[in-house]
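Questions regarding the structure given below will be posed in turn.
So that you can tell them apart, the chains are marked A, B and C in the order they are listed, and the count of residues begins at 1 in each.
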Amino acid sequence: MIDLQLMALLLIPLFGGGMLAVFGSRSWAAELNSLMSGLTFLASVALTMRVIDSGPQVVFGEQFFIDQFNVFLVALTAFVAFTTSLFSRPYMRIEQHHGKLSTGMLHLYYSMYQMFTFTMLVALTTNNMGIIWVAMEAATLTTVLLVSLYRTPSSLEAAWKYFILCGVGIALALFGTILLYFAAERVLGEGGTALLWTHLNQVKGELEPTVLKLAFIFLLVGYGTKIGLVPLHSWLPDAHAEGPTPVSAVLSGLLLNVALCAVMRSKVLVDGSLKTHFAGNLMMGFGLLSVVVAALFLSRQKDIKRMFAYSSIEHMGLITFAFGMGGPVANFAGMLHMTMHSLTKSAIFFAVGHAAQKAGTQQMERIRGLLQVSPTVGWGLALGTFAILGMPPFGVFASEFLIITTAMHEYPWTTPILLAALGIAFAAIFGKIQPIVFGETTAKPLPHPPALIPVFVHLLLVLILGLYMPPYLANWYRQAAALLG
Amino acid sequence: MTIPLSLQFINLLAALLLLIAFAMLAQRRILSLINLFAWQGAVLALSTFVVAYTTSQHHLYYSAALTLLLKVMVLPWLLHRLIHRLNVRWDVETLLNIPTTMLAGLALVIFAFNLAAPISQLAQGITRGLIGIALASVMLSLLMMLTRRKAVSQVVAFLSLENGLFFAATSATQGMPLVVELGIALDVLVATFIFGIFFFQIRETFESLDITHMEKLKDD
Amino acid sequence: MMNNSEFILAIVFQLTQLLLVVLAAPLLTGWVNQCQAWLQNRSGAGMLQPYRVLHKLFHKDAVIAHNASWLFRITPYIVFGCMWLAAAIIPIIAVDLPFSGVADVIALVGVFALARMFIALAAMDIGTSFGTLGARREMLVSFLAEPALLMVLFTASMISHSTQLPRIVEALAHHQFALYPSLAFAALAFVIVLLAENARIPVDNPSTHLELTMIHEAMILEYSARHLALIEWASSLKLFAYISIGIALFLPHGIAEVGNWAGLPLAIVLLLLKLLAAGAGLAVLEVVTAKMRIFRAPEFLGTAFLLAVLGLLIHFLLGT
């Protein structure tokens, strides 16, 4: 049964990518894109239900592996991909209307959107550490042309930076994978099984610690480039700022998570082999550095998408830090924060996209008084900002609170640093968003209110999860957290 | 300490790989750079073939053939076509301080060998020391990416980085599973195509393939 | 310990080699020049031309500048002596020579350096601008070439666990056949050093007196007659010594052991073939390359150093 659901989950976006590669320039391509993403989401729901009922399983000759941890990311990915496709339908049409995009570019966008979903889902569900790498690289390849979709000099520069930096980063991850295989080969013998995560997990105690240590450094640096950890982050703000807004939303909300998932898979193996907190310490270090540096950079931003890109670095740093601390509570908090961040950040990008589209610029100084122009966009952005800044009663508050209390308990010295960074980030973002939303403007109100249902759906979910966590969900997260050790 | 001749041969090829990596680091002309890249691919294919022969693992023959096809024929051909169409055949990289680059490269090699030394001690038989050389050539390609200012040479550096990794995968660990190798090869091929598209877009927009033009996006 | 008869035999070998090198060195230079002439479609002056030149120079009267000091006068003798000594201690036809135990490879490099220092001092002694210029350039080239040469020798020493040339040759020649990646690198580096140290193209051109490019010739402009002859002869010896070192390190197979009379003819024939091949190779190399600007020389020699160090590193990593 489960293989059927998994097959549906993977084949629908692949099929959708193929269909859109052919029919991408038809007038109904956007609807087809949403339909395919919707079907993928349904498949992911079915898969999730199965896995929570019957526990982790391997499928298709052990090439795929589903447990509570990755199915949580699968569900999140499919959901955000679906809502983003809904958002992009009107958004991209308006862009085309403004003459910023041609039909050919939209064609490329739709087919690559589905392929991108496919590669992320493969990276999440595969059991083979080598295939994770292949899928991550493929995810870069599918998005790189999307970042340069507008063909402006700055978007080309951003895409080139993204391509080169992530290409180099991911190459280092491949070296880490090779080292992992090198260590595994001595225990599991040559052949296909030596890269299968489930097999590696069984023998992780026997893997050579010196090799795994080096392998993890390479894997963390490699996939860390994708996560956007400081100092490997410099591609991230550019790519987010210069690409089309739906692409920024999925990059920020999803791709970063997928890369982190790959790191966590490696961390479990390394912990088992080394029996020390080496991997955790490394992740905590990178995470803390990312939080601090991103917070300091936030106040210097002028471009609104760029600023929220830095906020993504900050939050990914926080999640990496939480996973680095390890233990059931910190892992639980990390996963919760992952969920909250994905939902909130994509909602913010949707709102920002509309705001920037209406203002005709991404420069924050020139976007003013959103509430007067369009109350929906204004409130969407305001609420999203409140949520991402960790204001109660939104869910981000709950997860950040959990992370910080755990840190206070386990590593007290990190608490003041984290609090200070979060405070700086709060001041920076709030100070910049406040005039944008509430300021005075001379622009005329829009005749029609924009469709921003995805924004409010996301924010509503974040709000509900902040107020009340259903026991079913809490139980699921707890199981997943336990898997991460 | 008698080492079988095949292993000596692989060691020699490994050393050659490193030498080519250095030659690429010092090469100013783009055309010669691409030819060196093809040579590197040939060495890689040969060493994969020797490993396949000595360990009699049949799937390594496929990867050797794949390497020969992709790295020696298709990619260099694509790159030659590209630089011909872009009319940058005779471009020369200026602003390249070769002695300093070389010394930095040497330091990187020492660093890589040091890093790989504990692993070399572990490896049995055929693989001894090869990880160190693979790592060193990866690092040299990284250095090359840092020092280059032309888009084409950066891409060649990127591809030669991939060569170093492939050497680690085939010779040092005696072959990753074929699925993975095929996936990697596909990714590299697609990446080269996308790079090609990029070259045209970049030249159309900036009227040059010098990426020094592309340093506008900064946090001020 | 050797017994008496072996010792006498070794002395005989040593004396044979001493005579052989000093007589054969100009012939090698002649051979290289002749090969070049053939490659350039000239008929050439014949292989014996260097002897004729030496003969002519020895019969001339020496002219020495008024302000020349004793240093200027004795330099040709010192240089000649150094080169003769160097050529004598390299195992050329037999491994175990009594002299070669005295000096190892590092001392050998020291002997070359001593000669170079004297010739540079003598060049500056007269006080002409050319001499100073030549000395300065020579020092630039040699200070880059010498570390590379040492690295090459170290690589060979590492493989054979000795800095004694005879031990190195013995280890390399009598082991079973093995591919040494480290030695391949060292050999490349050595070729570059050889070209630079012997004032060959592409670093220097021995057959011109163009002020912009000359290095070695600029230093010996003030010498004439027998002094010049000695220096020319020393240059031939130096080339001979370098090629011999190259053969000893990278192609030692077939060398005879002391007392092995039966092996001696074969060893001599092999040696002759190797020398002829090396000389021809050198000529080809010089014909196909162009002289590089003096400012490029550091880059060229830097490559040699790099290759030599790489060879050493690879030896460490691969153990071969």
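Keep in mind that, in the parts below, a contact is a pair of C-beta atoms (placed from the backbone, for glycine too) under 8 Å apart; a residue touches a chain by one contact, two chains touch by 3 or more.
Source: prediction; values computed, not measured.
The largest tally of C-beta contacts between two chains is found for A-B. The most distant chain from subunit B is C, comparing centres defined as mean Cα coordinates. Geometrically, the chain at the heart of the complex, using CA-atom means, is B.
Distance between chain centres (mean CA atoms), subunit A to subunit C: 66 Å. The centroid of the Cα atoms in subunit B and the matching centroid in subunit C are 38 Å apart. Centre-to-centre spacing of subunit A and subunit B amounts to 31 Å, using the average Cα coordinate of each chain.
Across the interface of their complex, subunit B is touched by residues 128, 130-131, 133-134, 137-138, 141, 144-145, 148, 151-154, 156-161, 163-164, 167-168, 171-172, 174-175, 178-179, 181-182, 185-186, 190-192, 194-195, 208, 210-211, 214, 237-238, 241-242, 297, 300-301 of subunit A.
Of all residues in subunit B, only 57, 115, 118-119, 122-123, 127, 131, 134-135, 138, 142, 145, 151, 154, 158, 161-162, 165, 168-169, 172-177, 179-180, 183-184, 186-187, 190-191, 194-195, 197-198, 201-202, 205-206, 211, 214-217, 219-220 touch subunit A in the complex they form. For subunit B in complex with subunit C, the touching residues are 1-3, 5, 8-9, 11-12, 14-16, 18-19, 22, 26, 98-99, 102, 105-106, 109-110, 113, 116-117, 120, 128-129, 132-133. Within the complex, the subunit C residues that touch subunit B are 176, 178-179, 181-182, 184-185, 298-299, 302-303, 306-307, 309-310, 313-314, 316-320.
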